[in-house]
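Chain IDs A, B, C and D follow the sequence of writing; residue 1 opens each chain.
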C-alpha cells in the first residue's frame, strides 16, 4: 500500500487525517481507491479524466510528469500539491 | 505622432517670422528631449516645428569679465560643461547642465529648452536664478529682457507669447570672492528628474568673513521654479556660520509649496529642501573662498 | 498633410540620401527607411539608450531626434563599428567577457562606450559607469559590461598608459565634481 | 552512464567559449521581433482603457476605419468566446476565457491600459491617429487597488462569476483562491519559543523590465494557415494559446521565435500575437504590432504586490520551532498571482517542525500579473528573511550560522510535504561565510551589512533536440528553446562534450514550431536542465549510431566499439582509432546520414538556493541608500558556461536590488498608473550598482546526466531582504515595505530619532 499525504484543505475528506494508505499501480488507480475510501476525492483531483492542470504530483520526492499514468510503487509516498510555473 | 511640418531657420528674424506666421500652431525645437516626447504623447500638437538649433546666435557662448556671459538658448548642455569659462566662472550652472539626463540627453538638451519647457523641476533654472540671469526674448514687436525667476508662470507655461523666442541668457560676470553651486536630490544616481533642486550663489566679504550677497533658488518644490527671496536676503551681511545657513534653510523651506507624487512626498521634499540648501550654500561658499585665489 | 523631405547625411561613412516624413524620428529613419535595424527601440523617451547612435561625434538617443534634423550630419551606428574582416575591440571584448545576455541593449552600450573611448582611453570605473548611465541593461547587472569596456580601453590604450581601472576612481555621487575638476586642470 | 559522465572530468563543460550568436548580436545583425518586415506589411496599434475599472457600453469604430490609410479595426467581438475553465498550456494552467478577455476586453475593462480595440494601417503614425478616432462609451466603476480593499466585505466586484471554495458557490468575491499548508501543531510550537518575531510586510507591484517591448508580426494565408514572428520565451506556448484565442487549429499556426530582448517570465504568455493574425486575416497583409514602453508597463505582466504577515519563533539556542504566515498577493485584473509559489517558498530553506501558511490570490484593478523570475518568492523572502535576521540578532547568533543551524538538507520536508533530495542550501551559506566579502571589515558611519537566502523550485517539463552529423564531421544542433542569454552556447557545449567535438564544430539552431518536437517555454529555469538533458540524449543517440558505422567498417559488433575522448576504438589489429570527423566522411557508404534525436519530459528537477551578502551606506539626511558591495552564492548543480551562470546570478541580484530600493508601480486614487515610463519606473542604472561578486556552488542534481540545476531565477529572491537587513544594521531601523525608497526610509529614520530624543528627554528628567 502506498502512503498518500493529504493536503491541508482536503483533510476534511479524510476526517482530519493527514496521511492515509491507498493502493493502485498508478496515480489514476490510486485516486480511484481514495475515492472509494473518501467519497469526493476524485472531483477534487481530476478534470476531464486526468489530474487537474492546477495540481502536481510528487512520488517519493520526485515531481511526476505522467498524470494518471504516473506509476506508483508498492511502498511509495505520494503528495498532491499546487502546480506552478516559473519565470 | 500627428503629421508635422519642419522648418529650420538660420536667423532669429526668420525664426520669429515663422513663429508669427503660424502662431499657436508653431513650436520651437530647442533640443527635442522634451518636445519630441510631448508630440508623441499628443500633449502638444503643433502643425509646425521650428528648429532653432541652426541659428548661430543661439548656439554661442560668449564671456568677458567686462560684459559677463551671453549663453545661447540652444547651446546643448554638453557644450556648456565643455566650456572652460563656464567651469571657471559659473561652476553651479555648469554642474546643473551636467546633471540633466544622460550624456545622450545632454548632447541634445539645451539650457533654453530646459527653461521654456516650463517644468518646475528643470535643473538649470535654479542655477540661472541664483546667478541673476536674464532672458533675452525677441518677438515681432522687438525684444525684451525677462529675469529668469519671472519666466515660468505655471507648470508647462511661460511668459513667452506665441511669436516670441528665447534667444539667449545674459548673466553678469562674477563679483570678486563669489561663486555658485547647484545640487539636486534624485532616488537613483542618474537619469531621474529632480525631486528637489537647490541653486545658490554667494559673494563673500572675506575681510570680516561675511556673506555680502546671496541668491537661493529651488526646483521641484512648487508649481514653478522658486527664487527664495527671504532666504537670500536673510544671508546678506551675515557672518559665515551654521546659524546663518540654518536660518536660510528654514526660510527656503517656508518658500516651498510641494506636492505628493511618484517622485516624492511633500513632507520629504520640504525636509530635503532644507538639507540641500545647507549643502549647496556650503559648497558655494567653499568655492567662493577658493575663487579668491583663482582670480 | 506634410510632404516627405529629402535628407542627406553621412551614415557609417557613406554619403546617404533618404526620404522621410518630418514626424519620423532618426530611429525610424534608420530602422524603417534605411533598414539599419541594429539600433533598437526600448522606450522612445530617451530613458533606455537602446537607440544610441553617434551624431557629429556625440552620443544621443536617435528616438529623440527627427530624421529631418540629420541633414548634413555625420552619423555612426552599430552597423558601422566592425571592419569587413574584424570586429571593433569593444565588440570583441563584449563577446570575451560575456557582456550580453539577451543582447537587445548591446548596440546602444557599444555606441555609448565608443563615444567614451573615442576621447578617453584611461577611464576610471566611475567614468565608465557615468558614460554608460544612459543605457539600461536588465540582464547583466552591468558587471561584465563595465569589465569589457575597461578591458577594451586598456587594449586600445596599449602602451599609452593604463586602460580602465576597476575599483578605481570616484564614486558615482562624486562624478560631477570630479568631472569639473578634470576640466579645471586643463 | 550518468554517474560515470559526472565522475569524469569535462573537456568542454565548464569552459568559457564565445557564444555562437555573439557576432550577430554585437554587429546589430541579430533579428529581434521588431526587426522583421515584409512586403506590403501594415502596422498595428492597440487602443487601451483610460480607466482602471469600467463597463464598456459601446465602441464606435467607423470614424477610425474611415481615416485614409486605415485597413482594419477589431474588437473583442472579432474573437471567439471561450470556456471559462482552467486548461493545461505548457507549464501553465490557463483560463482561456480570461486570457482572451485580457487580450481584448469583453464588456469590461479591469485596469488602466486594458486593451479595448486594435487598428491596422499603412504606417504606425496613421494607426496611432486612428486610435484617437475610436469612440468608446464607458460606465466608470470604483477601482479596487489593494488586496486589503479587495478582501473587505462589500468591496466592488471585478469578476461577477468569480467564486472560491471557502465562501461557496453563491458568494461573489475578489478572492480567487485560498491555499493552506499545515504541519505539526502551531500552539505547541510557539510554546517552545524563547524569542518570537511577528511583522507585517508589504511589497510593491514591479515589472520584469525587459528592454525589448512586446512585438509580433502576423501573416495569415487565405488557406487558413498563419505564421507568427515574435519575441517570446516559448514558441509552442504562443502557438497553443494563440490558436485557442483565435479559434484556429493549433497545426494551422507556425510560430517563428525571433531573438528575444529579455523576458524574465514576462514573455511566457501572449498579448499581441493573436491580434497580429486577426488583423492580417482582415486585411490580407502581414501586420506588425509593437508595444510602446508605456503599454508594456501599463498592460503586460508585472508581478504581484503583496501583503505578508510573518510570525516565527526560535529557542534560545537559535533552533526554529514554529512559523505562521498569512499572505495575500495582487493577481491583477484576472486570477493567477504566484501566491502558491510564495507560500511554498517562504520558509523553504529551513527545517521548521510546526508550520501554518494561509495564502490568498486576490483580483485587483491592476494589470494581469505574469510570471517574473522565481514568481512570488522574492515577496515572501522579504518577510521571512527579515524575521530570520531579527531572530538571529535576538539570539546573538551570526546570521549565517543561524541559517546553517536551521538549514534544510536532504530529507527535510518541504512546505508542501515532499522531502528534499540532495540540495545545496547550506553550501551557499558556507560559501558566503568564506567569501572575501564576508571576511572583510566594513567601516564607516551609517554603513551596514546584510545577508539573506532564497529558494526556488525550478521545473523540468518537455524538450526536444536533434543532432545532425555533417559529412565534414561538424554537427548542427536543433532546439526549440529560445536563446535568452547564452542558451545556444550552453546547449552546443553539452553536445560538443558528448560528441568529442570542438564547441565551434557544433552549430546550434533555434527553430520554429514546425521544425522541432514540442518544447515547453523557457521558464522555471528549465532550459539548461531539461533541454540540456534532451541535447545530451540526442548526442548520445548520434554516438550510438556512429558506433554502428565504426562496427561495420571494422566488421565488429556495435557493443565492441568504444568511444573515448572523441575517438572510436575497438580491440584487435587493423583497427585504427577514428575521430567523429574521420568517421563522418564515411557515412554515405556505411548507411547514410546520421541524426541523433531525443525528447524528454524531465522528472526529478533539482531546486535552487542562493544566499546574498550586501553592504550599504545610508544618507541619514535624505534616506538614500548606496549599495557598496554585493556578493551572491548560488547552487547551480553544474555550471556549463560559468560566465553566463555568473551573468544570471548578477542579473538577478541587480533586479532584486531594484525591487529593494526604487522599483514600484505608482497608481493615483483613480487607479491610473502615474509612472508608465522608464524615467519614473526606476530600474538600476550602471551608476547604482557595484561590481557583483559571485560564488558558484556545485551540488549536482541527482539523476541528471550532468547534474544541472536551473540558474535563471533564484538569485532575485534574497536581495530585498539582504538590503533591508543591511539597512537595519546600518541605521537601526527595520524596513517592512518595498521599495525602501528615500522618502520611506527617511520617514523611518526621523521617527526613530523622534522616539530616541523623547526617551533621552524622559531620561534627563
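What we mean here is this: a contact is a pair of C-beta atoms (placed from the backbone, for glycine too) under 8 Å apart; a residue touches a chain by one contact, two chains touch by 3 or more.
Remember, predicted model here, so these are calculated numbers, not experimental data.
Visitor: Return the chain whose centre of C-alpha atoms lies at maximal distance from the corresponding centre of subunit C.
Guide: Ranked by distance of C-alpha centres from subunit C, the top chain is A.
Visitor: For subunit A and subunit B, let me know how many angstrom lie between their CA-based centres, rounded off.
Guide: For subunit A versus subunit B, the centre distance works out to 69 Å.
Visitor: Averaging only over C-alpha atoms, locate the centres of subunit A and subunit D and give their separation in whole Å.
Guide: Distance between chain centres, rounded to whole Å: 28 Å.
Visitor: Compute the distance, rounded to whole Å, between the mean C-alpha positions of subunit A and subunit C.
Guide: The computed centroid separation for subunit A versus subunit C comes out at 57 Å.
Visitor: By the touch rule stated above, which residues of subunit B touch at least two different other chains?
Guide: In subunit B, residues 1-3, 189-191 touch at least two other chains, as defined above.
Visitor: Would you pick out the residues of subunit A that each touch at least 2 other chains?
Guide: Not one residue in subunit A touches at least two other chains.
Visitor: Which residues does subunit D have that touch at least 2 chains other than itself?
Guide: 125, 208, 263-264, 679, 684-688
Visitor: Return all touching chain pairs.
Guide: So, checking each combination of chains, I get A-D, B-C, B-D, C-D as the touching pairs.
Visitor: In the complex of these two chains, what residues of subunit D are touching subunit C?
Guide: 16, 18-19, 21-23, 25-32, 34-35, 37, 125, 208-213, 259-264, 290, 292-293, 484-486, 626, 641, 643-644, 646-648, 650-651, 653-655, 677-679, 683-689, 691-692
Visitor: Okay, in this complex, where on subunit C does subunit B touch?
Guide: Touch list, subunit C to subunit B: 1-2, 5, 21-23, 25, 44-47, 49, 52, 55, 58-61, 63-66, 68-69, 71, 112, 115, 130-131, 133-135, 172-173, 175-177, 179-180, 183-184, 186.
Visitor: Taking the complex as given, what residues does subunit B use to touch subunit C?
Guide: 1-6, 8, 29, 32-33, 36-37, 39-40, 49, 51, 53, 76, 78, 81-82, 84, 87-88, 91, 94-95, 98-99, 101-105, 107-108, 189-191
Visitor: In the complex formed with subunit B, which residues of subunit D make contact?
Guide: Interface residues on the subunit D side: 125, 128-129, 132, 621-624, 661-662, 666, 674-675, 679-680, 682, 684-688, 741-743, 746-747, 750.
Visitor: What part of subunit C is in contact with subunit D in the complex they form?
Guide: Within the complex, subunit C touches subunit D at residues 21, 23-24, 31-32, 35-45, 47-48, 50, 77-79, 81-82, 87, 91, 94-98, 100-107, 110, 125, 128-130, 132-147, 166-167, 171-173, 175.
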